[in-house]
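Heads up, the next two complexes both have subunit A, just with different partners, subunit B and then subunit C.
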Partner chain A sequence: MRTKGTAGRIARYLLLIAVCAWTLAPVAWMISLSFKGPTEWYAPNIVPAQPIVDNYINLFIPTNPIGGSHFFTSITEPITKPLINSLIVAGLGTLFAVLVGFLAAYGVSRYRAGGTFTIFFTLLTRMLPGATFVAPLMVFYSSIRFIDTYVGLVLLYTAVTLTYAIWLMKGFIDEIPPEWEEAALLEGASPWTVLRKVTIPLTKGGLAASALFIFILNWSEFLFALVISVTQVTTLPVQISKYVSAVGRMYGTQASIGIIATIPSVALGYLIQKHLVTGFTFGRVR
Partner chain B sequence: MEITDRLAQWMGKTESFKKLSTLPLSLILNFVLIVPFSIMIYLSFTKWEPLAGYDWWRAPIAGIPRFIESFADARLAWALIRTAIFVAVVLPLEFLLGLGMALLFLGDFRGKKAFTSIILYPMMMPWVVVGLGFYLMFQYFGPVNLLILRPVFGEGAMIDWFTDPVLAFSVIMLADIWQWTPLMFLIIYAGLAAVPRRLVEAAEVLGASPSRILTTVRLPLIKPLVVIALIIRGLEAFKVFDIVYIMTGGGPGGNLTEVISLYVYKLAIVYNNTSYACAVSLIIMVAIALITRLAIRPLEVKVE
Partner chain C sequence: MPKLVVKDIRKVFGTFEAVKNVSFQVEEKETLCLLGPSGCGKTTTLRIIAGLEVPTSGEVFVDGVLVNDVPPQKRQIGLVFQDYAIFPHLSVFENIAYGLRVRKMPDAQIKTKVHETAALVDVESVLDAPGKKLGLSEMQRVAIGRSIALDPKLLLLDEPLSNIDAKARERMRAELGKLQKEIGIATVYVTHDQLEAMTLADRIAVMKNGLIEQIGTTSEIYDNARTLFVANFIGSPSMNLIDCELVYSEERAILKSGDFTLDITEFAETIKGKPKGKELVFGIRPENVSVDIEKTDPTAVEAEVQLVEPLGAKSIYHLKISGVTVLAKGHPMAEVNVGSKVWATFNKDKLHLFDKKTEEAIF
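Up next, the complex of A and B:
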């Protein structure tokens, strides 16, 4: 829409600022709370009067006082383990999804492997609410002793992000002219060599973007982590839910764990900014 | 070597490659999805629960009592209705707000890139943290009460958001709108920006007003894109779990903001009512599969 004159321009900027304020508000408040002491948790000031980092320290040493006062909660475990768990599970899940997904995407793109069933099936797994898998999954996983194990969670993460992996990477592979690969094939190279020497070098950027996108999804995943973890594989989102239910009105601590969980995913998200829409629509919109 | 031989050899290689390329995918899907899916179908026809005292595979087939039970389950019906309301409120609002923002961003102005970057970060955030953020914002001593309601309407206007089911559910919907409007905005904006300039100019020459150009030129052109965005977002919104779990856990009143995913989760994990959870899951899955079958046609159209 073309805005005419100064009045139009001012109106546009006022609206833009309003939208930005609305977008920034929840995170700005969390950042503010995370640097506030207990005396300011229930106060309306946005800039902390006495900024402290005790909330963050308390996450790593739960017995540490916040702003001079001690809090006794049911949470005794430092955030270190959930943080490392999140990195391990999200990282490995991403690695497998990218490996398996790339191979499948390449087969679908170049050789029409799998047929329409695979395509429908992968889409369907994205459409079904994860919660509908919880009951049988618990039964299955307890039978094979996969509950509270990294293997169990990583396998799940791989399976649920494969749809994204396949569709995203299929888009990047489709962009390469197949003639280049055919030329190499006719020269006598095996499909594996072509994959290694031609396709992967040409799709590197796309593969990296897909991997980062999937990592963000895994990093944010909550339901399966909540169900599968008992004590060993608790991830960061699960730890956050514990903080919300267990520490009552310790707003500062709750806010600081939220900020810690947000930083990696938003930082990576900005790296792949222009691929986000493609990602969330599994390549349907690009 | 004859060229035909080499071709045959090449064909042989690609044939085996074709099979191998989707093998890991099938293995994983079978292991993590098909096996639980089979267990789900089996258990939904039994009356098994973890405390039954015998292993699940020994559970006798009991027929369809679990499915009959589900038809009389008012809590299930309410969870479904609430989820439907959630989708019906959130989806049009995200679309309209996204459209409004896209119109606001059309054309050139200073700082466009910066504004776009600021606006799109919510969708990168973990859903749980979005829930936490809105949970903190709408606490009794949160900024909405302290910075907006109290200064404007006085002490008596402060609201205990999470004790009232309607208000609590509104906050949940608001969190979803906050997180996903940017995605709608980006999709619609990309579509609108790709509408050929000459079409808009032609309409302008013919004397059409900006609102008429929007409804008769721009929107019809981006319709396929919007349909895809709405289908994907609608199905995702139906799955809502994280933000409800974090903010209310289904409360107040135990289950007054409970959505379908949360109810199925509680059936399986909290109440240990495994075979009933399986039956309910099966019903939902069949329903979604039917919807997906219908929705997949527009999804096959690729929008560039």
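Up next, the complex of A and C:
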């Protein structure tokens, strides 16, 4: 699209700036907050009057004072473990959801596996609020001793995001004409080789986009992590909620976790951005 | 031994019977064309031969071996798809080498084979180009190259020219014909274009509604159409087909359609036993109707020219003969225009007569 004239161009940039400001303002506020001391947490200034890094230090050394003040919380251990936990469960959850989802989507797309109802049914589970699952899940998980285990949380994340994985990737696979696969088959390739050498290379943009989308969902998931974790598998979002002191929320510290938590998703997105271009145009591979 | 034997193939999709009962053979080096309108089951038949569809019943033999239970990747059959299905993410070289790599052929051998094949299908100059950057003609040749690089027992082509505009199609049809001769593999060619079938096939199987209406050499199909459908489908412009009834008057057998009459007493032997009033369809190809300014033949009938389509070397005349429209194909005549009175002569040796009810040829 080409808009003629300077006025049009100015209008376009103004619009872009407005959209960017809208999206980035909370991020800017979070960055600002993470460098502020407790006295400034409620202040409206965006640039900290006395910038400090105590919020970040406190994450790793919970006894360290923030801006001279000591906060009494239940937190005794550094953020390292929740960070690693989050990476493990979100990462593995994404990996399994993408793997299983891809194969399921392939079956649905190519062989109409399960008929029309099954694929719709997977969507149905997403139409209920997650909270409705909490009580039965707790009962079930405690009876099979999955509470506070990696296996429990990873399996749960895989199950919860599988719907998205199937639906997203079904769209990408549908875009690939079956003739390409049939041609490879007639060239003597086994069905698995066809998947590996034809279907996956042609859908990798979609796979990358789906993986990122699912990773972000898992990474920011709070409810299930809260009810499943006790001490061993606490994830970052759950950990953030624990930064409450006797005198109120520790906004600066929570903001600094927010900053740290943003890094993996952004880094992942940056790493696979080449594929995201094809992925987010929803599979126009030709 | 025939290269391919298809025996009593039937394929049902849900409640739709795509292929009802199809049997044919293809000999060594022969090209058989499956010709028919869309939905007649020709592509399904082809996919069954390739192993991409499982027949509901019936058998497929390649080189005398029953292949019903052999998966497509083990059948050693080359298939050129309608859209060519060139792998977009691979270069032309890798496209042609694909099957060889799957078979784990050593690199040096692959290189030789790919270059050999590329030379045959004339794509040596684009070997490094990515699959998605090719033109239609190149795609067609790469697709054929990829299919034949493995020295398949059989080559199948599924409407390879149907996505190409008319002008390029003519050229590519010729190229394809030439290539076919050079490759010399038993081929099954699917098309809905009768001209393609006539030019490329040794034998044609005309299909309709999941059945083979007639199978034979090009001239058999053209000259001796066994059904009304075949008569109508083959030839351009198509055969004149005129509904008429049989009447007998003073020992003479006459075909009558309104005011139009044609004496067919000379075929009395063939039509013996056909009752008076029998509904028939009489057919004659436009090139077997000659147009003259003077009455040179005693059997000539008077006709009025309604339209002239000049095709250069030949012209097509739309004639009105006693209320019936008949197309004639003949030499261009400057003095014949719309409204001209001319004399039309039917070449009686080339007449066709069909039973209107059974649609089968009487002669």
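By definition in this document, the second predicted complex is superposed on the first by the 225 of 286 C-alpha atoms of A that agree within 3 Å, B and C clash if a C-alpha of one lies under 4 Å from a C-alpha of the other, contacts with A are read in each partner's own complex, and residues count from 1 in each chain.
The rule is short, and it goes like this: contacts are C-beta pairs under 8 Å (C-beta built on N, C-alpha and C of every residue); 3 or more make two chains touch, one makes a residue touch a chain.
As the structure is a computational prediction, the values presented were derived from the model and not from experiment.
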item: Touched partner set for A:A131, first subunit B, second subunit C, both or neither; value: first
item: Which of subunit B and subunit C A:W180 touches, first, second, both or neither; value: second
item: Superposition-derived comparison: subunit B or subunit C, residues of subunit A touched; value: B
item: Touched partner set for A:G188, first subunit B, second subunit C, both or neither; value: both
item: First, second, both or neither for A:T6, with subunit B first and subunit C second; value: neither
item: First (subunit B), second (subunit C), both or neither touched by A:L202; value: second
item: Partner chain in contact with A:Q254 - subunit B first, subunit C second, else both or neither; value: first
item: Partner chain in contact with A:T231 - subunit B first, subunit C second, else both or neither; value: neither
item: First, second, both or neither for A:F222, with subunit B first and subunit C second; value: first
item: On subunit A, positions contacted by subunit B and by subunit C; value: 185-186, 188, 190-191, 285-286
item: Subunit A - residues contacting subunit C, complex; value: 177, 179-180, 182-191, 193, 198, 201-202, 285-286
item: Subunit B residues within the subunit A interface of the complex; value: 6, 10, 13-14, 17-22, 24-25, 28-29, 31-33, 35-37, 39-40, 43, 50, 55-56, 101, 103-104, 106-107, 109, 111, 115, 117-130, 132-137, 139, 141-143, 146-147, 150, 178, 182-183, 186-187, 190, 210, 225, 228-229, 232, 235, 238-239, 241-242, 245-246, 249, 260-262, 264-265, 267-269, 274, 277-278, 281-282, 284-285, 288-289, 291-292, 295-296, 299, 302-304
item: In the complex with subunit B, residue positions of subunit A that touch it; value: 1-3, 9, 12, 15-16, 19-20, 22-27, 29-30, 33, 41-44, 46, 96, 99-101, 103-104, 106-108, 111-114, 118, 120-140, 142-143, 155-156, 158-159, 162, 166, 185-186, 188, 190-192, 216, 219-220, 222-223, 226-227, 236-237, 240-241, 244-245, 249, 251, 254-255, 258, 261-262, 265-266, 268-270, 273, 276-277, 280-282, 284-286
item: Residue numbers on subunit C that touch subunit A, as the complex places them; value: 50-52, 71-79, 81-83, 85, 87-89, 98-99, 102-103, 132, 146-147, 150
